[in-house]
Amino acid sequence: MSDNILLIRNLETDYSLGNGGYVKAIRSLSLDVRRGESLALVGESGSGKSTLALSIMRLIEKPNKIAEGEIIFLDKDRDISVLKLGEIGLRLFRWKKVAMIFQSAMNILNPVMRVENQFIDTFEAHNIQDDYNQRINKYLTIAGLGKKVRRLYPHELSGGMKQRVSIALALSCEPELLIADEPTTALDVVVQREILFELRQLKNSLNLSIIFITHDLSVASAVADRIGIFYAGRIVEIGKKNDVINRPAHPYAKLLLGSIVTLSTPRGKELSSLEGTPPDLSKEIKGCSFYERCPSHVKQCLTYDLQPLKVGEDHYVECLRAQELLDSEY
Amino acid sequence: MIGNYNPENTNIQASELPPVKENLLVQIWHNRKARTGIMIIGFFAIFGIIGQIHTPYPASFDNFPTWLPPSAKHWFGTDYDGHDVFSQFMYGTGVSLYVGAAVALIAVSLGTMAGLVSGYYGGIVDNALMRFVDILLILPTFPLLVILSTYFKPTVTSTIIVIGILSWPFMARVIRSQILTVKQRPFVQASILAGMPGYQIMLKEIFKFTLPLIIINAVYIFVGAIVAQAGLAFFGLGDLASINWGTMLYYAQSQDAVIYYAWWWIVPPGLSIAILGIAANFFGNGITEVFGERAGEV
Amino acid sequence: MITRRYLIVRSSYALATAMIAITLNFLLPRLIPGNPAAVILFANYHYLPPGKVKLLDSEFGLTTNNLGIEYLDYLKQLFLHFNLGVSFSYYPATVANLIETHLPWTLYLLGVSTLVSSVLGVITGRWIGWRAGSRGESVTSSIFIGLTSLPYFWLAIIFILVFAFMIPIFPLSGSFSITIIPGPTLAFLGSVITHSLLPIITIVITTFPAFALTMRNTMVNQNKEDYLLMAKAKGLPKNVIEKRYAARNAILPVTTHIVLAFGYIVSGAFFVEVVFSYQGIGYLLYKAVTSYDYPLVDGIFLMITITVIIANFVADLLYAILDPRVELR
Amino acid sequence: MESQISINENNPTDGTQNDLIRFVDVTKIFKSGHVRNYALDKVNLSIKEGESLSIVGESGSGKSTLGLVAVNLLRINSGKILFQGKDISRLRGASLRSFRRNTQMVFQDPYSSLNPYNTIYQSVIAPVNANRQYYENLTGEKADSRSHLRDRVAEMLDLVGLTPGQNFLDLYPKKLSGGQRQRVALARSLILRPRLIVADEPTSMLDVSISAQVLNLLTKLKKDFKFSVMYISHELGTSKYISDKMAVMNLGRVVEYGSSDEITENPMHPYTDILIKSMLEVGGFRTEEPLAKIDFGQYNGGIVGCTFAHSCPFVTDQCLKERPQLERKENDHWVACFHPLGR
């Protein structure tokens, strides 16, 4: 597949429990991200979706570790094996190839530096030669901000403005892949819509590839071409946006969809209820990790060796009974 | 915080857990740092208490040969007057620790009370109290101690009172700000809605959060007071008839122990103060950890 | 950013504190029972020359019995003439005079050692803070905790024992060698420096670890900050992250600490002066205390307090300049 | 009665005895320095017995403040809050505490709404301990034995879905997940059978699937216990799902009030319209059309005209000079706007 920009193979990321034990936040995960697409990864807290973002950026720090796997960034002329990069290579890879918008816009800007200086140190780090002022202005405008913002300190900005600054920062070194980790979670609905709108537009005009991480399926469906559903450190279902939303095949995806409340949800409708808790990731899980909470589980699920099964064009599901469930329902 | 593993995921079902009530003291003892601190302080305490009842030689007996280096007979040698230094040290430990403990008691009571009152009532009371505390905090403590001790003839008790009165402001401020933070939390509002009267909320719900601060501050004030008392004594502003770590160092200095290379007279009291300081640090860090674990906030 | 309101609030605190110290200074001698001058003289000479009592009374400002008038007079003398009274033990030298001759030595000692310890503290703290969790860091931190717990005067005595007696590489005591005539000569300067080295080292060793530990702790907390993660994600070089992000932010609380510790350093310097017989304010205070020279004790206390208050005020301003978020604390 | 109606001509209420709680010209001002911020600016609203009302709006709209004044955790500067016909806004001491039995609150942050040093039992039983006599009259049982009370708390925990309740009694909150904590908070708020529950964004910090459980639970409990709900949220979807009535707030004022369906389907206030169009659906944006940018700037209170005037696409001179009052436009649909949409 030549149109991919990022390949992830059998990735495993472990968080230290401090007592010698580890929690496997990402469990042998494989994923292709296509050039120019926006891929939304949807999961609940603790499902490993943010960990994946940090793993791609190699921001997992001791005592936590990326224990296994490969991450390959397909640059125009060569392949970069991200996990094998040395210190300098890694430094140049970050932000220039893959940039990130973080969830907590409140704290990602250095409180004692003016906004413009936080652009300039990035430019210096990446050896950018052109006129800094012009470049800062250009990306602030793209993110919907005025030039005045340059001279301000972070505490003088509102939440929405900070998030826009961080979008401008993320785009300022012209990365090929953008990871947006819950970029609108802390924002009011009106601002959220504006920012999502802008991101979608930017993707098209700058030909960006975007990995969009969110817990909210409606946010995902507003910006994504493809949607992947995260559960217990793995992607359990992935496919084109409309397929995943209209014909979800994995029981977890179905329950997740049924638990969403939007304006069109009728009052009094019983919402899908997901009983129990996610599995303990510090222990080994045999077979399907959703087994205990799954309303449709069968004995064979426990010995299932976790292979994505094709249930439609470009639609893969990690569930033994996916096809069967789809056929019986739709 | 980005990138931290969310423990939500690994929560165990309640039905799997036996109902546990953790005992605070047991938990503190199981903390390595806290235990180290307690053991060191405890060692000195026991040593000092024994010293009040029994020492190898009477502490004030001064008919030994002078300036004897350490030997099997005189573990810490003898001083300019022919005292047995080990006996003096043993007895003096008790006195120094007594001063520390008494000051801690005074300062902790004052500091806790002021902090509680200030945090609870707020308004004018709080304002007045805190401006007063601000001023006391800016005033340099040691010179103030010196000037007070110059005017009021010092005894061990007066030294305790003076140090005690000057040691509480910092603690009051810490406790107050903790109360103000806790007061903001919704569970306090829930207690108000539950119909609990204010003083009950203060004592039953909020006070628990100041407990680690009180314990930690008590230990720091305890050590700080021993140092301050030693300093005053060293300046000649203590009760020079009393035997304690401070007066030992005072006499060592004024009788030119260094000229006689009498390190055995100088080292024990100073080193003990330093070790107590380290112990206080260990204990403080341990307590912070224990309370953090208990509240699930680590 | 220093706003006008910030300036007004801070300076009014400083003034209020100074007034309280001044008032305390005025009241204390008047709290001891009996005629202070008589008590003082008796303590010193064990007899009462009648003329002298009267003379001292008037010089001490104890002439009338109206506290209010005495207070006003006291303030007038203090602010208009910097008159702090007459010393008893150095009679007829005035307190102001004595402070004037001793103060430069203390300022020199304090200035150099505060500067050295804060710089050393920030540098070492930055070093261990950036390596938090490593074995080297934990050993260093433990040693530092031990060092902060050492009493100043004790360490001073030990240093004299070791470096002036056992290995005599430093002079034993005094501010300069008595064989050299004070003056702007190299020999005198050299003597001043060699005499001050050991006292300064003593103060620095007991002071800088506390700054280093504060720096370490705030650096460690910086590591948890999202903007540090962001800086790494942006691909900034390590030294830039450490300097402009972690250390730059960690230095704020350290500034506060250094100032809060200033009063503590002052008293530390006093002990050190006493042990080294260094001719500064601390030594003077010690002499005053041991000879019951009340006016001198009072004057020194007042002077120290005002110095500390000014230091606090300056630090408040410094903090406001360093941290753009401060508007009103 | 006559005079009361005249004060409340802009109050969306039928003026009958059915009102459980009624806000009359409620104003709350926060001062910081010289700045006066009108968190609530003459709010008029009412909730009937057994009814549920959602208060929606963006951050800074004053919706949380309204919740806090409803349960008297905050004092109002002027106006009245009538609870079952009695003004409770100035109560103190014992009479305040006895009023509080009738209202309870569920908070947004499940991690700080329970005291981490108290066991679940201690948290849930606290209202009973503070109102022993009242509880005995309420249940007709003696509440003096600890084992009896433990059974009652366990039953309550069962009711909120923490089963078996007995196993949870002696746990500390740190052992519980966010969803479980929110259930404990519900149990605590229900143990005295209050008439009104104020829920301030109770699901906004929870995962979607957990949030669904809490919403289901709230719906069920509402049926079982027949309390009224004041549901405060920035999220119109859950608000509409939970409540019959909805009030939209903007900078301290109620700009629109009516049945949830009516408001979400035919919004009349331009601000409500933008809010609704900004909401997302599973599938994407509700509309692709560009919306007016909203910029409230630094609001210092004392705005003469309409709070939305500066961002409103339909603004006229009148909007800048005169405050629009909440008026009934259709049966049970009220709006404070000179140029309401759809007419």
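In order of appearance the chains are A, B, C and D, and numbering begins at 1 in each one.
Going forward, contacts are C-beta pairs under 8 Å (C-beta built on N, C-alpha and C of every residue); 3 or more make two chains touch, one makes a residue touch a chain.
Predicted, not measured: the structure shown is a model, and the values here were computed from it.
Asker: Could you see whether A-C or B-C has the larger number of C-beta contact pairs?
Answerer: B-C
Asker: Central chain, going by Cα centroids?
Answerer: Of the chains present, the most centrally placed is B.
Asker: Per the centroid of Cα atoms for each chain, what is the distance between subunit C and subunit D, given in Å?
Answerer: Once rounded, the distance between the two centres reads 57 Å.
Asker: Taking each chain's centre as the mean of its CA atoms, how far is subunit B from subunit C in angstrom?
Answerer: 24
Asker: Rounded to a whole Å, what is the gap between the Cα centroids of subunit A and subunit D?
Answerer: Between these chains, centre-to-centre, one finds 34 Å.
Asker: Show the residues in subunit C shared as contacts by 2 or more other chains, in ascending order.
Answerer: Answer for subunit C, listing residues that touch two or more other chains: 226, 229.
Asker: Where in subunit D do residues touch two or more of the other chains?
Answerer: 177
Asker: Which positions in subunit A touch two or more other chains at once?
Answerer: 45, 59, 102, 104, 277
Asker: Going by the contact rule set out above, which residues of subunit A touch subunit C in the complex?
Answerer: 57, 59, 62, 87, 90-96, 99-100, 102, 104, 107-113, 121-122, 124-126, 153, 155, 166, 169
Asker: Mind listing the subunit D positions that touch subunit B in their complex?
Answerer: Against subunit B, the touching part of subunit D is residues 71, 73, 97-98, 100-101, 103-105, 107-109, 112-119, 123, 126-127, 129-131, 162, 164, 167-178, 180, 185, 188-189.
Asker: Under the touch definition given earlier, write down the residues of subunit D that touch subunit A in their complex.
Answerer: Against subunit A, the touching part of subunit D is residues 58-59, 177, 207-213, 215-216, 219, 234-238, 240-242, 260-261, 264, 274-286, 291, 293-294.
Asker: Which of the residues in subunit B end up touching subunit C in this complex?
Answerer: For subunit B paired with subunit C, touching residues are 1-3, 131, 134-135, 137-144, 146-148, 150-151, 223, 227, 230-231, 234-237, 249, 252-253, 257-259, 261, 263, 266-267, 269-270, 273-278, 280-281.
Asker: So in the complex, which bits of subunit B are touching subunit D?
Answerer: Those in contact with subunit D are residues 8, 11-12, 14-15, 17, 19-21, 185-187, 189-197, 200, 205, 208-209, 294-297.
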